[in-house]
Amino acid sequence: MVHQEQLDFPTRGHGHMQDLTNKVAEIVRRSKIRTGVAHVFAVGSTAAVGLIEFEPGLQRDLPQLLDRVIPPSREYAHEQTWHDGNGHSHLQSTWLGASLSVPVSEGKLRLGTWQQIFHLECDIRPRDRSVIVTVYGE
Amino acid sequence: MVHQEQLDFPTRGHGHMQDLTNKVAEIVRRSKIRTGVAHVFAVGSTAAVGLIEFEPGLQRDLPQLLDRVIPPSREYAHEQTWHDGNGHSHLQSTWLGASLSVPVSEGKLRLGTWQQIFHLECDIRPRDRSVIVTVYGE
Amino acid sequence: MVHQEQLDFPTRGHGHMQDLTNKVAEIVRRSKIRTGVAHVFAVGSTAAVGLIEFEPGLQRDLPQLLDRVIPPSREYAHEQTWHDGNGHSHLQSTWLGASLSVPVSEGKLRLGTWQQIFHLECDIRPRDRSVIVTVYGE
């Protein structure tokens, strides 16, 4: 069995994190799948998805960490061609990743208590984003 | 076909790496699945799973690298609220990831010779951990 | 339904990126799967796969970023035992990851317009590499 849905939502620009856990959990419920895996995928090359304790402190810490290791201010080869100010955005997205999977047990996401699914906007501008959730199993 | 099992084990605290390859391989064998994928997921927001040549040198190098890029000593916003000393633990877990998948071919994990599945404790304290292994295919 | 194929190709050594998108898309087509997920896995502990806008600037930026954060020149414990010059190669591979999944919708990879699947050689030498693509769904 496979069940696939698309989530569409706007973002507020660079460093904006959103908690997708409840929306993914609803898709798992609609899928009627009891045992399997839920795959979450960020469409686009300047966004990412991941797992984190979704609390206000870490919502500041994670984008700050990314900007410290992969800073906006460096000279990226991407910029020399495209001049879009998004060199670091692409690299942050690649670094963190756009794909993750969470096990489904007894019809529910098998996350830890303090473990949530987030979407991170890495682009310098607000964007309209799509995330594809695919649940498979039986 | 889907087959899911949980691995439970203790850790010795921050930077403790354990090789899960044999245990995941046994679950694949029990699943009777010949062609498919084995998904490995670390439950909790201060642990991670990954792939590495599991030898003593890299078991020191990887935690050191994480502590160099995401150091315990920095001022994280997470700490200002929670004061649990785990700001870096959460960020290291998010950075490395809690979810990976390995192909299954002819009933076996299709890893390289020097490629093993590890669990990494990022928390500052020893913990009791759970990893969910889901094998799907036919 | 599960469909699995292996891609074999040579690399030119450290930092060599290759675009696998068309080859993975062909495997998805041959699988006849309409809705599901395509899993892409790099066999070996000194290679990685990921998602990026595959353009010449970022093909320079990403290996440079990895060499800045995880430099070849550091003293890694791995080197003290193995003396193969590949300490950073292993850590870069673990850091970026060897496993990713892309949703399949209406028989096609559901990637963004500027989002491609790449293979990155992290080893210091040219290598013959294998990537396993597993498509599952219905």
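Order of writing sets the chain letters: A, B and C. Residues in each chain are counted from 1.
Heads up, the rule we're going with is that contacts are C-beta pairs under 8 Å (C-beta built on N, C-alpha and C of every residue); 3 or more make two chains touch, one makes a residue touch a chain.
This structure is a prediction, so every number in the text was calculated from the model and none was measured.
Student: Quick one: do these chains touch in a line, a ring, a star, all-to-all (complete), or other?
Tutor: Chain contacts: complete, every pair touches.
Student: What's the call on chain B versus chain C, same or different interface residues, using the half cut on shared numbers?
Tutor: Mostly different residues.
Student: Would you mind reporting the rotation angle for the C-alpha fit of chain A onto chain B, rounded to the nearest 5 degrees?
Tutor: Superposing the C-alpha atoms of chain A on chain B needs a rotation of 120 degrees.
Student: Mind checking the centre-to-centre distance between chain B and chain C? Centres are C-alpha means, answer in whole Å.
Tutor: Here chain B and chain C have centroids separated by 19 Å.
Student: Any chance you could list the residues of chain A touching two or more other chains?
Tutor: As it turns out, chain A has residues touching two or more other chains at 69, 97, 101, 136.
Student: List the residues on chain C that touch chain A in their complex, please.
Tutor: Of all residues in chain C, those touching chain A are 35-37, 50-53, 55-58, 60-62, 64-65, 69, 96-97, 100-103, 105, 110-112, 114-115, 136-138.
Student: Using the touch definition from the top, list the residues of chain A that touch chain C in their complex.
Tutor: 1-2, 4, 39, 41, 43-45, 69-70, 76-82, 87, 90-91, 93-95, 97-99, 101, 132, 134, 136
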